[in-house]
Structure formats: structure tokens, C-alpha cells
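Scrolling down, you'll hit the structures one after another.
Below are two complexes that have subunit A in common, paired first with subunit B and then with subunit C.
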Partner chain A sequence: MLVYLLKRITHALPVAFGVSVVCFLLVHIAPGDPLTSVLPPDASAQLQAEMRRIYGFDRPLPVQYGLWAMKALQGDLGTSIATGRPVATELGKAIGNTLMLAVLATLIGFILGSLFGFVAGYFRGSWIDKLASFISIIGVSVPHYWLGMVLVIIFSVQLNWLPATGAGPGGSDAWRWDWAHIRHLILPAVTMSVIPMGIVARTVRALVADILSQEFVSGLRAKGLLDFGVFRHVVKNAAPTALAVMGLQLGYLLGGSILIETVFSWPGTGFLLGQAIFQRDLPLLQGTILVLALFFVTLNMIVDIVQAMLDPRVQRA
Partner chain B sequence: MSAAASIAAMAAIEKSPGYWSGVLTRLRRDPVAMVALAVVLALILMAIFAPWVAPNDPYRSSMIRRLRPIGTPGFPLGTDELGRDMLSRLIYGARLSLLMGVMPVIIAFFVGSAIGITAGFVGGRVNTVLMRTIDVFFAFPSVLLAIALSGALGAGIFNGLLSLTVVFIPPIARIAESVTTGVRKIEYVEAARASGASGFTIVRVHVLGNVIGPIFVYATSLISVSLILASGLSFLGLGVKPPEPEWGLMLNTLRNAIYVQPWVAALPGVMIFITSVSFNLLSDGLRSAMDLKA
Partner chain C sequence: MSTAMSTMMSTAMSEPLVDMRDVTVRFGGARPVHAVNGIDLRLNAGETLSILGESGSGKSVTLKTLLRILPEQRTAIGGTIRIAGVDVTALSGRALADHRGGVVSMIFQDPMLALDPVYTIGEQIAETVVRHEGVSRAEGMARALEMLTRVRIPSPERRLKSYPHEMSGGMRQRAMIALALVCRPKLLLADEPTTALDATVQIQILLLLRELQREFGMGMIFVTHDIGVAVEISDRVAVMYAGQFVETGAVRDIIRDPKHPYTRGLLAANLHGAHKGARLDAIPGAPPALDALPDGCPFAPRCPIAEAQCSEGLPPARVFGPQRQVRCLKA
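And now, the complex of A and B:
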């Protein structure tokens, strides 16, 4: 296990380095001079050169990267051009909101998806299987930002049951677990849960069908084990992979929450990204992407390690 | 075996239907895949012949007939926030939406296959360098990478296409690499090498035919994701710019109208949904038609 742990960490480190290089270069692939957004349009050539020196843009790229990475490691992700506040502060407020939304969506998606997938795999070929497969196809094919709009139309515009946007009366800073706030969470979380639901259902269906076709299941049945006993064995065998898929989905939702957060004006990292794009606030864009991508790399690593702990077969592979 | 018998055997091999025609036959027997194919073809035809199919000019706006409901005479699907005909805009929208959704996967299919096959076939240090680079891009969630790139590059059709292509190269290259590595170890490739065939010839004659199928099926499964992402970029104000008709952009501009004409505002999403479901079902059908080796 320790060997596997070390192997996995030494694999993640160069990837994390690469990810940081890509994020660093984002500002440099952007058209135009990165200084234009901070300088007045009529700035003199002398002032421009001076600013270039202060910001370090006159140095070679690798040196710039080194300075940027050192600062980033210390938690300094630069300053947002639009608000003038440190990017890290803006992110700190947003990340909790996104995490709350993504974790809830993953849980809903995982529970419903495993249920559909399990039933479909258990009764393979039956109408229940066809229905469950149909639902999971819908889940992976629906443009979720549109689904969010449709849910708003039904539950906010037509029925007036739930709020369409925002995070509650206190805004993003005063979240409490009471109905006034939770009702703001329902529509975005349900919308977001559709993606992992479809994917988990597909995975679990394939897993269950595969496990049921293996000899040890026939052996268990021959031994006289009832359906419930067989069920226990199937769950035990399917769980590590299903949990790994769930972990990865959480990562995808964290990184991909921008569309849903835009639809619902949910004050998370995705909403922040949307603002950064709208205002061409490159430091904010860069910092947010860096943090989300590194989060994803770390989560991937944790998922692999947990899976290896649950299922020793993974370690040998 | 006599010479005549071996010639007869060769003739029989030549006559026996190939792998791909078997796939086509099986695909044709799959009603779901056939319906999906019909929808996809209809959408493509609609995009090509948009000027003849659309009843109105998709750009002509009118301040006096904004946001008319579905079923308005002359405007069967209503009008948008600038009074433009929704039906015509949805029909014209197929052009950019399909282009932005399908093109990146096609380009990524070629580039990703080239990278993956090279890495898998050459192996060694080349493999390490190529695949570790691919790993870095694969480490981003796809939505995040697409938004990072097009967010930095700015709005525009070309920037959107470029960002999406970069997003889909890593997964395709990974599949191509693993399939090619598997094929490289099979004996007939060894035999070809032993008989003196050059690396390029081996790839062209022995490897390509065996790896391109699985890579192709995988690539088709990405089209639906790409469509949703492409429209998503336009929905965020990246990708296609107004006043071009594009489904994601239309959803974005109609978002403020959900309190006035909710169902008109939701229409562009229906088009994205239908297109993406059809591509998904077609890809699933293709996959099962190809897996059946019997």
C-alpha cells in the first residue's frame, strides 16, 4: 500500500506542475498586452516600461513563472482587476458555496444513479432496464444549463414554489441551514445532480451485469443463498468502482459548475469565473482555474488511493 | 493444399463481406440507432438548406412584435426579444451549433489519433513525453479547460473551435495510445517487422485498420458532449457573438424573457437536447454494432 501511495503521489506532482504552467500561460495566450487593463489608455511609453518592470513582464518567461508560482504557493494569487481585492479572498468566499452545491448534487446523483443502475443491471433486458437506460441517456445528453432554465420556468415562474436565483436573504456571506436558504439550494442542486446520475447509472448497470455473470454468483446461488445474500455480495464488489466514479464526478461538478451557477446566479467559483470572463479580469480567471484544476488533480489522487485501499486488486494493476 | 484450392480460398475471402459492412448490417437492424441517424441527417440537411427551409429572415428584427407566443400567425414558434422569427432562427442556428459542436471532435479525432498512435507505436521516451503532456491537459475537467482557454482567448467562433479542439485531443489520444500499444504486441505486427517492413508501412497496413474503429466510436461518443459544451460557451458569452443565430447564444439572450414568454425562451435548448440525444444514441448503436464480433 505504501509503495502504491508513493507511486501515485509521484505521478500527481508532475501533473500538478504541468497544470500550473498551463494556468500561468493563460494570461500570455490572451490577445493584447496584459498591462492594458491596468494602465490608462494614454499612458506614456516611460510609464508603460516602468509598469512592465514592476509587474515583471520584462523578464524571461521561466523567471516570470518561477516568481508567480512562488507567490501562488504562499497563497498570493494576485489582485482582481475588477474589484481590486486579492483573488484568494474572492475565491475563499466562493469555494464554500460551490462545494456545498457540488457535494449535495453528487449525493443526489449517486443515490438515484446507483438505484437506477442497480435495478437495470439486476433485471437486465427487462422494461425496467430499458426505462433506466433511457433515463441515463437523457441524463448525459441534456444540456444542464437549459434544464436549469426549464426547472426555473416550472417551479419559479409558473408555480412560484421556489426562488429562481441567488443564495438566500443573507447573500453568500450569511448562509444558514434554514428553509429560507435551503430553498435556494434545491433547484441548482437537482439540476446539477442530473449529470452524475446518468453516469453513475451507466457505470453501476455495467458493473452489476458483469458481477452477476461471474461464476462466484452462481456458486453462491448453488450454495442456497437467497437473493438478499447475493445482493450483499454484488454491492460489495461494485462499491469501490462506483465510489471512485462518484469522487471523480464531484471533481467534474466543482470544475464545471460555471454554467449552472450562471443560470441560478449561485455565488460560487463558477459565478466568479463568469464575472471574470465578462469583465476580462484575467488574474481572477487564472487564479480560479488554477485552484479548481489543482483541486481536481488532488481529488483524483485521493480517489485512486481510497479505491486501492478498498480493493487490493487495484494496487496490483 | 493444391494451387486451385488455395486460389478458390482466396476468392472466397475476397467475396466474404468485410468487417465494416457487417457493422453496417447490424446497425441497420437497430431501430433506435436508425431513428437517431434519421434525426441527425435531417438536422444536417436543415442546416445546409436553411435559406430554403426557413420561412423568414433570421436577422430581421422588429420592435413592434417582440416576444410573441408560440402559435402566432406567421411566426409559428413566436418571436425573440428583438422580434426576430424563432422558427427561422432555430433552423439557421443548426449551422453554427452543429459546426461548433462537431468540428472540434473531427479535428481532435485526427490530431489525437496521430499523437496516440505515434506514442503507442514508437513507445519509449517519445511515449513518455507525449503522454505526460496529454496527462496535464487531461487533468482539467473538460468544462473548465474549455472555459479557461476561450475565456483567455476571448469570444469568437474561431477561438471557441480552437478551445474545444484542445479539450478533446487528450481523451482521444489516450484511447488511441492504449489501443495501439495493445495492437503492437500482437504477433502479426512482429512478423511484419521481421519481414523488413518499415515502421510507416506497418502503421499504415497493420495498425491503422485495427485501431481506427475503436478510436472512431469513442470520438463519436464525444460529439454530444462537444455540442453541449459549444452551446454552453456561447451561453456564457464566449464562442459565437450576436446577432448570429446559435442555439446556446439564443438561450443566453432569451434568458431575461423567461417571465414573459417562458416556453419561447426554452426552445433553443430543445434543439440542443434533440441533437445531443440523437448523437448519443447513434454512438451507442455504433458501439454495440461494432462490439459484436460474431
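And now, the complex of A and C:
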């Protein structure tokens, strides 16, 4: 197990390096000059050159990357061009908010999704299966920003039960686990949970159906196990794959929540990323993408390790 | 008291362990499949019967019927089946689960497929003991270890913690046998347990099974398509074709004097004793489709000695001695 752990971590390092290079290059390949959004349109050529020198945009790309990567390793992701605050500080707050939202959404989605998936797979072909499949297909295919707006219309505008936007009193700086704040989390989390729910439900349904068709299930019944005993075996067989899917979904939600965070003005990384793009705030954009990508790499690694702990066959592969 | 005792003894003696009468198994659907078509079978404790036949003849279905693990909704079982005095067709719920693995146990053809890949061998055996005897998990593990030692698995303490994929084919089948026998079933069903194994390992497993069967005094029904295996392990043989026993009898009698043309064909198609270069006598044609059985003898279309009357009606079982029956008009 320890060998596998070390091996898996060693594998993650070159991936992380590659990711950082791609992050850096992507932003630089994109057309447009980062300084145009900060400088007045009539700034002199001399001023532009001066600013470019200050931000380091006049150096060759490999040198820029080297400097950026060196600093990033020390936790310094540069200064936001738009706000003048350190990128790391901005990101830190946003990551906390997104993490909270994504973890909650994934949990809701995973619990509901596994439930629907299990029921559907166990009673395949019955009306319960059809209902569960219907719900999961809706979950996968409905545009979630649209769903978000519909939920806002129902629960905020019509019923006035929950707030439509923001992170509660005091904004993102004053988060506390009390009802005044948590009620702001509910709508975005529920909206977001629909995606992992649909995907997890479909995966688990297929998994359970596949496991039930395997001969060892006959073997379990042949030795006299009752339904609950068989169920236990099916769960343990399905768990590694279901968890892997959940981990990947969490990864997607951590990075891919721009739309939902924008709909609900939730001050997370997606919201931050959207701002950075529109303001052409290069350091902020680079830093955010890098951190999100590294999140994904780390998460994949954790998922693999957990999978190896649950399924003895994985370590050999 | 002695009278009561002797009455009990005599009923126990007179009733065979397995008593199947005119058992039919049909799988429903748009075209119902007649997998088993009226078999009669009696087996005493301590006796071994081999069911011999080719693929699709209904051998495995017969075993699964005895264990009652065919899918409930799609299967219709006819006739009567009594095992150890209990009407097996009437079992349901908890009583059925007690029957499976407690009274009757099964060894599957491929233990790699029949064992759960993500539980250790020890856990899987212990779970069975816990289920049937209500003992603690630790006690179950102790019984598992004892059983693994019994089937002579090398370093059983270590194998207790092994997963199926970490063991060799022969060892897996030994583990499967340990699992099947841990609750001391009265009847052991073996569904081609040596087919997936190397030839050398096959013999070891056969010897082990025969030894354990004698030691535990179980009845055993052994399904195979290998006549050599049937001769090695069993007292009696039932030759199965299209869901019927076309010939039953003591091993010796059937080998020496096969009466049904299908049995003769099977014996002739055997590789044992064949000369190099000589053509094997394969039976021409294929078994009938089980969703459209002919009215007459199902073997008639392939039979070298069939006559017009063979296709007119099902040949009755003709008795040729105490345990010898043949379903052929020309035998």
C-alpha cells in the first residue's frame, strides 16, 4: 500500500508541472494586451513600455514562466492588476467559499444519486427504475444556470423563503455557520448538486445492474445469504467506481461553477475567474486556473488512493 | 421409546436424501424454454451420482433447481422435489435461504467468477457460518481456518486474508469447496468443478471431493461432460439429453453395456483410448432446440438406429434391473 501511495504521488508531480506550463501559456497565447484594461486609452507609448517592464511582460516567455513558477512555489501568485491586492489573498477567500459550495453540492448529489442509482439498478425495469432514470436524465441534461434562475424565481421571488444572491451578512469575509449565512448556501448548493446527482445515479445504476448479473451474486444466494447480505456485497463492489465518479465530479464543481456562482453572485473561484477574464487580469487568471488545475490533480490522486484501499485488485494494475 | 426410535430410524432409512419425481423446469417468455422435462431421481446419503451430458442438456438447470437459485419470476418448476424430507419447491423467504448453503451446497464451475472479488476468502467463508449458525464473526473465521486446513490449502492462515485474485485456480477451487462444506450440508452439488482447471489439478480436486464426501457422509450430485471424471467419482450415472435422463444406472454397467444409442455415442466420442490418426466417432447433428421439442424421442433425428415409431411418441422409461432405466424403444 505504501509503495502504491508513493508511486501515485510521484506520478502526480510531472502532471502538475505540465498543468502549470499549460496554464501559463494559455493565458499568454490569448490575444489582447493585459495592460489595455488598466491604462487609459490615450496613454503614451513610453508609459505603456514602463508598465510592461514593471509587470515583467517585456521578458522572454520562458523567463517569465520561470519567475512566475518560482514565486508560485513560494505561495506568491503575483498581484491582481485590477484590484492591486495579492492574487493569493483573493484566491484564498474564493477557494474557501467554492470548496464549501462544491463539497455540499457533491454530498447532496452523491447521496441522492447513489440512492436513485441503487434503487434503479436493483429493481431494473420496474416503475421505480423508470422514475429514477427519468430524474437522473433531467439532472444531467437540464442547463443548471437556467435551473438556478428557476429556483430563484420560485423560492426567492415567489415564496420569499431563501435569499437569491450573495454569501450573507458581511459578504465573503464574515462567513459563519449560522442560519443567516447557511440560507444563502442552500439554493446554489441544490442547483449545483443536480449535475453530480444525475451522473452518479446513472453510473451507479449501470454498476449495480452489472454487478447483479455477475455469477458471484448467484454464489452469494447459493450460500444462503438474505437480501441484506447480498446488498452489502453489491455496495462494496460498486463503491470504488462510485467514489471515483464522485471525486471527479467534485473536481468539476470546484472549477466549473462559473455559471452558477455568477447567477447567485456567490464569491467563489468561478465568480473570481469570470471577473478575471472580463478584466483581462492576467496574474489573477493564471493563479486561479493554476490552483483549480492542481486541485483537480490532487483530487484524482486521492480518488485513486481511496480506490486502491477499497478494491484490492487496483494496486496490482 | 425404542419403538419410536426404530420408527424414526426406519422412516429415515426408507426415505432417500433426494427424491425428485417427474420434475419439469420451464423458463417463461415469448417462447418458453423446456429446460428439464420430467426427471425422476432418488439419491441416498453418502451416494454419488454423476449427471453426464453435453452443453445445454439441462444438467446445470437440474442442480440449480435442487438449490432453488433459478430466477423466481421467470421459472416454473413442476413435479415434486424432496430433500431430507423437505418439500423444496414450497420453500420461500428465510426457509429458502436456510436451505441454500445449509442443507444443500453448490460448487461452481469457475471459482474466480463465483467468489466475490472484493472480500477475502476468510470473510466469505465466515459470513456463511455466521448466517447459518448465528455464531460471532471471530468464531466464523476460526471455522473458516479449520475448513481451509481441511481442504489442504497451503498456509491456510495467510490464505484466510487472501483475495480470490491472489490465488491459483486450484487453490480457489479448494477455497470454494471449503466454503460449500463449512456448514456441513447434507447434499453437495458440483457443477463441473474441474472443467476450468489444469489436468493435474483436476485429479487432486476430484480425490479431495471424494474423500470429503465419504468423510462427511454427504450425498453428492456431480455434473460433468467428461465420462472419465464420472467414472472416477461416482457410484451411479444419469445420462441427460434434452432435459431428460435417457439412461441411468451403475457406472460399471453403463460403461460395460451402454443401452441408449446416445450413451453409446458419448462413449465412442471419448478421447480416452483413441488411436492416433483414427477418426473420433462424433455424434452427427446437434441437440434439439429446447423451445421447440419434438413429440417423439428427442434423440431420434440424430439416432443411427431410429425407426418411424421413435418419432411418434416419447419412449417410456424401461427398467433393466434394480437401478437401470433406459428411455429407448430399441434398447
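Here is the rule we go by: the second predicted complex is superposed on the first by the 285 of 317 C-alpha atoms of A that agree within 3 Å, B and C clash if a C-alpha of one lies under 4 Å from a C-alpha of the other, contacts with A are read in each partner's own complex, and residues count from 1 in each chain.
Heads up, the rule we're going with is that a contact is a pair of C-beta atoms (placed from the backbone, for glycine too) under 8 Å apart; a residue touches a chain by one contact, two chains touch by 3 or more.
Values in this document were obtained by computation on a predicted structure and should not be read as measured data.
By the touch criterion stated above, A:M149 is placed in contact with subunit B alone, subunit C being left untouched. Of the two partner chains, subunit B is the only one touched by A:S141; subunit C is not. Of the two partner chains, neither subunit B nor subunit C is touched by A:Q307.
Using the contact criterion defined above for the overlaid structures, shared-chain residue A:T241 touches neither subunit B nor subunit C, since it reaches no partner. Once the two complexes are overlaid on the shared chain, A:G224 sits against subunit C while remaining clear of subunit B. Of the two partner chains, subunit B is the only one touched by A:L26; subunit C is not. In the superposed model, A:Y252 makes contact with subunit B only, not with subunit C. Taking subunit A as the reference chain, the count of touched residues is higher for B when subunit B and subunit C are set side by side. Shared-chain residue A:F216: touches subunit C; no touch with subunit B.
Overlap of the subunit B and subunit C interfaces on subunit A comprises no residues. Per the touch definition, subunit A reaches subunit C in the complex via residues 214-216, 218-226, 229, 233, 236-237, 240, 310-313, 316.
Of all residues in subunit C, those touching subunit A in their complex are 67, 69, 94, 97-102, 105-106, 108, 110, 113-119, 127-128, 131-132, 163, 165-166, 179-180, 183.
Contact residues of subunit B toward subunit A in the complex are 132-133, 135-137, 139-144, 147-149, 151-154, 224, 228, 231-232, 235-238, 248, 251, 255, 258-259, 262-263, 265-266, 268-270, 272-273, 276-277, 280-281, 284. Taken together, the subunit A residues at the contact with subunit B in this complex read 14-16, 18-19, 21-23, 26-27, 29-31, 137-138, 140-147, 149-150, 152-153, 157-158, 251-252, 254-256, 258-259, 262-263, 273-274, 276-278, 280, 282, 285, 289, 292-293, 296-297, 300.
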